[in-house]
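Two complexes, one shared chain (chain A), two partners (chain B, chain C).
Right, the complex of A and B next:
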């Protein structure tokens, strides 16, 4: 399987990336290269092997339900581009 | 509309009642200052890692047990990728391929005529799955000089997304299902059910088809946060789809929003630019393992479920299906009722049911209170009912006693009856004396009665009751008065 430039455009759009024509070409080659690796992996016979969800075969540790975080809004918002009335401001988004 | 069949499935987001967020130690309390409860994990600073909240998993297990579903011994968290400013990571942590809960279902009550055997009409709605995920933040679009304000306090709040099978065939059924689910999640204590605060919200998948035809194309109505809107939105959507098809157009799969002001649904995005969420297992989280002994522990702590309790109320207390259903609308109501019955005995179950669903419910409703906050406790109500059962007071006086208790005029029924001198007069000698006085003072009525006017008798009963301030047993007054007049 290999991708075409149109698909690269769609993937870039989903990832909110702006690609120039040259960058799209480079990305196409790189992603197709990755597909090559995937093809190699898919050639391995995995019949009867249960898929893993994680490379490490251990289970999730759980946290007790207690509030451990304090309000650090001031510190966080000091590095935000724009804030007002405690809110982070972003370019207008309308559904 | 009879030649169209409606198919509805619901996806419900129930906010789980935890202290802290699903993957961070920030508080989930409602109504804080914007972003005061958004920690480094919630705002997605680089290098942070999510750690799963054990209590959120307990909530999911409780739900799975309550709906007779399978709780997965191993489930997987996945990233659901999309771009939106109130989702700082650029993905929502959810579950995709292996959810924590699969299958199960719940019985819903339908209105309309009951079956020939006298049972209320019910329907079993199957569930597809329920999975754990995090909520996003909130976007505020007003008042920021053309910019959007982002509050991430809600980001990372634990949600259980409950997905039904498309088993419902009308807006009324969808609402009945939503109400049953709403009652259940509160019953088992996993969600506060506050719809105004967004703790319980529904998305409805709606399609129509000719009977026997394959499923029609569905449209999804997003974010319905009241039962009324759910019903209105679905009914509008059904009619809209039927009109489209009857006018020769095809339904396009789409996500739509309901506008409560116009009562209409409108498309938000169509299939062409539909999201591609590119789910994949979240490498930051390991598989969630739930062993059988953990499930058994949770099960041991689960309250008796509403269906079981309803059946028990009918069998043990001889209550009607209607009464049993009314008393099990919430766990708090059921517990209140059982405390009353525990005190007055099974013989008092029917009066207890009448009081809880009548006087108590009416007063709570009027004052907008929950039964937990009722000024008259179950023990106090039991005191009132006990005095009705032993004929100390009549039903009418009991309402006055209840009123006095409600207003905090006394600690218990007995002290109010004593203080206000409300004890029913059952001593026939005392009643006869009062009747003699009434007869003497109302000679005109007596003559009218003797002349054959039955109405005059009622007037005399009224006078006698008035003279006893309603404390005489009305039947006794009747009997004694009749005897006097006949002599």
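Right, the complex of A and C next:
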């Protein structure tokens, strides 16, 4: 299989990444090289094999629904690009 | 005693005997960092005052009666570990202003053990790379030859040990990022079984593969460090609840009777002759020490690199979606709306390799391709893990090369991502299976560059593996070697 520029644009949009035309071109070539390499997986017979999502077989632990963390909002918001009155500021999304 | 080349055990003894204080010891390494780091670019953040204050605290703890094998010993953290009050960049422009408001569990545990933070060390951006060339803060130089890469992604960690800028460092390994740089820089590094060390506060790359581990001069040092790093953490949903163990318990165990499996796929034509010669010599040494070798097969291991480059980017694309310019990290200066702010902040904050992997991940997870790529790769992951289960029926540990070549030169592989990806051909299968693995120095190849022997243990076989490594290090001195002019 081979990707085209339109598909690169589509996945860049999905990934919320702005790509310049030149970057898209380079990316296309590199991704085609990588997917050409990955293609060998298709030749392997995996009928009846259970997908392995994780390195170890564990079930999700449950914990009591109680407060365990202290309020550290100020410390966490100190590293934010823009905050006001304890809120994270983003460009207007609702008119 | 030469402090900069001393084992952690000897440093500990010197501290206990008051031959040196924690402040003096940290000062010694800080001086070396100041002198040598400009040549290697291993450290990205150093804060002398903060380090010395922490060292003074450890001296006070000792004065108050506390003892411990790591109390007062300095170490550096890979810049992927959130370290409270320290800049934590993950090698990225995205986090060039991120002063962490909290400590990773690994950082907390090592502090509790009495270790002093020497600084933060350089790495490939978001741990994506095998040469340290993807760091936003410039590549790390290999102390054995500054024209060569130190390996990656824990390249700053490896170079710090090789140049004796730190007696111990932390690293992380998603596809070989501890073992390959350890091999290329001539030191000992261990990636534990998945789930043994907490991932809390360790900036995520591929969550089902990421695992932190120690890097130091010797297996004995690594055992001490792992004892302090390992343990259940309720803040990591994949942390394993197991009894505490002493990872150094097999260090004194003789090798007689140890069965070493040699996967025939690891000894094929992909390995350079100089690496092969050093690895074969190490195996001869093991046989001399009483171990036996047996050929095993990992028939699907050749698929590990392509499977990894589906699974790891898929997980990365999901993990790195958190970098959106809202709560932390880089935000573009100009944008038209929220969507544009995300797209521009991410485009400006991430480097080329990170973008590439995010795009691969977004593609393999997208509608219509999920089954063909992601699910397929996960099935192959199972086959790779099954191969190891079979192999461990006839051997105690597996041995082979850690890297197919000695350290390569800058630029040699950076133009072709697939060539770069193949430098982890011997390490990736271990991550996919969740097994522990390590690299230890076993000689020198062409141009006097270090070669690493990889050992792979069965699940939770860290102690066994460390024992096998230590016995080899008792009989050889490769692990004590340092680049000329640095001792």
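Observations, loosely collected:
Methods note: the second predicted complex is superposed on the first by the 81 of 95 C-alpha atoms of A that agree within 3 Å, B and C clash if a C-alpha of one lies under 4 Å from a C-alpha of the other, contacts with A are read in each partner's own complex, and residues count from 1 in each chain.
Just so it is clear, a contact is a pair of C-beta atoms (placed from the backbone, for glycine too) under 8 Å apart; a residue touches a chain by one contact, two chains touch by 3 or more.
All values reported here derive from a predicted model rather than from experimental measurement.
Once the two complexes are laid over each other on the shared chain, residue contacts for A:41 go to chain C alone; chain B is not touched. When the two complexes are overlaid, the chain among chain B and chain C that reaches more residues of chain A is C. Shared-chain residue A:62: touches chain B; no touch with chain C.
Within the superposed three-chain model, A:8 lies in touch with chain C and out of touch with chain B [touch as defined at top].
Contacts of A:86 after superposition: chain B is touched, whereas chain C is not reached. Applying the stated contact rule after C-alpha superposition, one finds that A:71 touches chain B and leaves chain C untouched. Contacts of A:17 after superposition on the shared chain: chain C is touched, whereas chain B is not. Shared interface residues of chain A, touching chain B in one complex and chain C in the other, are 14, 16, 53-56, 58, 60-61, 63, 72, 76, 82, 88, 90-91, 93. Of all the residues in chain A, the ones that touch chain C in their complex are 3, 7-8, 11-12, 14-19, 23, 27, 30-31, 33-35, 37-42, 44, 46, 49-56, 58, 60-61, 63, 72, 75-76, 78-82, 88, 90-91, 93. Against chain A, the residues of chain C that register as touching in their complex are 97-102, 193-195, 208-209, 234, 237-238, 240, 300, 303, 305-307, 309-310, 317, 321, 324-331, 335, 337-344, 346-347, 350, 355-356, 358-363, 366, 372-373, 375-383, 385, 416-418, 421, 431-434, 459. Within the complex formed with chain A, the residues of chain B that make contact are 18-20, 24-27, 33-40, 43, 45, 51-57, 74, 76, 81, 83-85, 98, 139-141, 144, 146-152, 257, 268, 276, 278, 281, 283, 285-289. Contact residues on chain A toward chain B in their complex (touch as defined above): 14, 16, 53-56, 58-69, 71-73, 76-77, 82, 84-95.
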